Amino acid sequence: MSFEGLPKGTGAKKASFRDAIYFWEILRGLGVTIKHLVYNIFHTAEMPTMQYPEEKRVYSDRFRGRHRLMQREDGTPRCVACQMCSTVCPADCIAIQGAEHPDSEIEKFPETFEIDLLRCVFCGLCEEACPCDAIRLDTGIYEIAADSREKFIVQKDFLLNNKEDGTY
Amino acid sequence: MDIILETLSKIGFMFAVIMGMVVVLIWMERKGAAFIQDRTGPNRAAILGVRLAGLVHPVADVFKLLFKEDIQPSGRHRAFYNLAPWLVMTVALSTYAVIPFGDYLTVAGRKVALVTADLNVGLLYILAVASLGTYGVVMAGWAANNKYTFLGGVRATAQMISYEINMGLALMGLVLVFSHTATPGYLREFLGTDFLSGLRLTHLVAGQGELLWGFLPKWGIVVQPLGFLLFITAVYAETNRNPFDLPEGESEIVAGYHLEYSSMKFALFFMAEYAHMVIGAALIATFYFGGYQIPWMPRPVLEAHAGMLLTLKLIAVAAVGFLFALLFLRRTQREKGKFGDLRDNEPRLGAGLWLIVALAALGGLALRPWTLGPEGASLFASLMQVGAFLAKLVFFAWLFIWVRWTLPRFRYDQLMGLGWKVMLPLGVANLVVTAVVLTIV
Amino acid sequence: MAKLTIDGKELEVPDGTRLFDACTEARGKPLPHFCYHPDLSVAGVCRLCQVEIEGMPKLAIACNTIVNDGMVVHTNNERVRKASEQILEMHLINHPVDCPICDQAGECGLQNQYMEYGLYDSKVEMVQKTHKKKAKVIGPQVILDQERCVLCSRCVRFCNEVTGTGELGIYNRGDRAEIDTAPGVDLDNNYSLNTVDICPVGALTSRDFRFQKRVWMLKAAESICPGCSTGCNVRIDYEGSRIYRLKPRFNPDVNRRWMCDKGRMLYKAVHDEKRLTEPMKRSGGELQTLGWQEASETAVGMLKPGRVDLVLGSPHLSLEEAVLLRRLGLKLAGEDQLVGGVAGAEVRPGDDLLLNSDRTPNRAGLRMAGWQELPVAELVAKLREARGTVLVHGGNPAADESVREALAGCQHVLYIGTHRNETAGTAALALPGAAWAEKAGIFVNKDGRLQAFKSSIVRPGQAREDWRVLSELLAAAGEEEAPGSLRALRKSVGADLFPDVEFNLVALPARGVNPTAPVAGGEG
């Protein structure tokens, strides 16, 4: 029987004797880990770990944090409930119900404006789509926590007064 | 009456050592893994701002697990499910009975052996009890009525059976070497025999206090290097530690046999794993690294130079104390007001404590330790032996951790291949060669 | 026949065809346009559909040109494209471009044509666009935004030509020209919402639909209006489990492109809070909800053969349901105990356009299935005699006071219906059926035309498709061939009712089919 012309396998090298008995390679591996250990014991200050609640990472100004709704000068929302944001939203996390505004120049305003922060992927397409610059993700808030799912569905009033202290 | 009191206090001592070691090992595991991986590891749990470099975490974990709800699967076998963790823990603790942590301690003129039970078949006892641990694991895996736990149990059985044989074979060589060798002179009276028995652990360790060719400690690793490698591999497999932790292989069977356990029952499994590590370390130290023996310093040497050694020791402690106090003081400067709470006091506290240690050691020097009497010298020698044993224990326990964070897990077929096709033939060969060499010499 | 060449493509069309329609045929899509509407007269005011006809010096509007033999027309050359772009720019000069708040956005002629033919930057630099009245309520159904209007005059022509009411007109001239109602007149006729449909921009919008939903979020399902026996073809615009509006669907044989306002509001009944959503059983004088399992068992117990005294159908049932109910009735009771409904009920004044005086969708279908209706007095007499179970399916026969009293006298009324109405109030057991929008079926209109409707939204609560309930009861009554699917049911109905006619009930043509006049279809 001839193996002429057949492929020569995967080309993986057969393990040498040194590799096959594990021993030296295990010692080498132990050497690598102990090097890290000893270095880190004497250089704790160089650790890349951040002590989070005390230390906080500084993000770029363009960082997309929690949303806010912009206000008109009289404090009412700029939003006209055109639903461009909920249309473009890839996570389908914005729900708006429009209603008749008493001022016929404004005509339409959001009766309800809900964002499900658990669904949101913070892509920022909503602020791109908004024709009125009514929604922005520029608060820089990234600490979004609550103790029930319902609390992550934030309403119009909350979004209009979205302060940077992160309180709900 | 005395014998009961003695035994109880020895059991108490070993129990304290093991439980203390478990806490320390958990801390060592987490912190060591972190440093190896360039992380800081646990450093947040604190009592009044004192974090002890993360040592408070195991304590916090214990309280957490104590108060957690004990969730049990509905389809479990109630009796076995509840029994399994206790069985595992009991077996883990009972192995220590035959491990000597010193030769003797002179109490009121009587020489008390520093081993809980000096069985003449101690080695067989260890092999027998260690294999009982499998039952707890299999029981847990089967009783929880979950396919993953069941697979974990099955894996554990196959693995332990395979490696128990290797473990026994490796030890046989050691038994051959030390059987019927002459008892060291200073122990002849205490042990009451002229020739050592290879199955008795006290004799094994006593034998290892001798020198080979007048300069080399006659440790197990020196006379049985291949046996040592086989034994340590088998011990790692027996304790289900990486690279042999297939019974709880997370990537395949979630958590293996203890998947369905929660609360304190899970904690028992967790602690049993570390208790097993401590046995493993104790066995390695006892069989291959001279147990409580300090190289070139058997009991007569220790007793003869006790005063000088104690003085040197106190000076060393004082020096280390001052050094650490200095290091803590430096941290005080560097980390001033870092957290803005109680934790800021920690470096100052550490500096104070180390300073007290150093001053105490200096104070000890004032008692003129170099004028130590024969009774004191005997006590000093015993304490040094216990200390040496504990130091070896810690080192080999650390080796377990070190290996875990270095090596990847074996595949199951690799595990079986290694056990049956590599280690078993090597073990047999080792035994034959040892026997032949002993016969010739 | 006239032979002409459009964009290099030769085609033959009947004499008298408008060039616009010929272009649509040749191009596969219509020319840009606002004012042209196939069912209205030609106004030629928007000037968007200009084409180049060889031999004519200027561009001509296609809508107001009749085809001629030998015409060579270009609809897509540089000159035409430039013209439509410029005309579009003219239209947009005073348009407020308030698309974000405009309900028409998404189905707006200006938007679509700008995206297709415009795409320029405005050359008109204006400090202030001409402002007109926004959000002006001009009738019970319609709201007017004069700024958005492009003055195509479709709505004016609709009111003049179709309804003949003439409420709307164009007032003033130049950029002050605006659509408005005549002084003191409201746009208040039964077809006013059609002006919203034909308005190519957002000038006329529906008050009912206003701000409810953006149109691109809606899904559409083909359906038939259940409001009267005309059977207008409609489109259900829905999202999730809610219907937002009904729109007419083109059917030249029934309703062309129109639909009445009454019909458009019928979707509200589907979302009525008095919907029957759970099976209900009378215990201690009150109706209590219960599960389907238990309800089915109770129903089967009530419908033991020999226990049933009367089976009452309804012209609100679909054809399939009517046939299936009749099969069940014949299994349980005698021929003379099956009553198709109250003769002459639900007849109210209609009009000569679409609204029929018979306000039930399927009376012809009911009769087709073999049911006979009875006058109130005879039905009441039968009910008075009834001691056993009375099975009432669909509709609300108890809307008639005397029928209600007679039903209330019966001890064992089993009602399958959609609402907690007067009939449900007399029932010992009420099973929730599906409303017309929630199930598929066939209605037969007053001319005998079979038209299929499809289901759109999900059924509320535990409501089930009626034919499934009937099929289950039929199986419980010992029928071995109770249909297991709507398809099977339709096949058997087709075989029962139309053994000789060549058509398939499973897949009716979009325009419906009239078995009494086999040459169905054709531009009528």
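All chains are identified by letter, namely A, B and C, in their written order; residue positions are counted from 1 within each chain.
Rule of thumb we're sticking to: a contact is a pair of C-beta atoms (placed from the backbone, for glycine too) under 8 Å apart; a residue touches a chain by one contact, two chains touch by 3 or more.
Quick caveat: nothing in here was measured; it's all calculated off a predicted structure.
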| item | value |
| --- | --- |
| Chain B and chain A - chains in contact with each | none |
| Longest centre-to-centre distance from chain B, chain (CA-based) | C |
| Chain closest to the assembly centre - both centres taken as Cα means | A |
| Mean-CA-position distance for chain B and chain A (Å) | 45 |
| Approximate Å spacing (C-alpha centroids) for the pair chain A, chain C | 46 |
| Approximate Å spacing (C-alpha centroids) for the pair chain B, chain C | 84 |
| In chain C, residues with contacts to at least two other chains | none |
| Touch list for chain B against partner chain A, complex | 32, 35-40, 229, 334, 338-340, 402-403, 405-407 |
| Partner chain C, residues of chain A touching it in the complex | 80-84, 87, 98-100, 104-105, 107-108, 131-132 |
| Residues of chain A touching chain B in the complex | 23, 26, 29-30, 32-34, 36-37, 40-41, 44-45, 47-49, 51, 54 |
| Parts of chain C lying in touch with chain A, wherever the complex brings them together | 98-101, 105, 134-135, 210-212, 214, 216-217 |
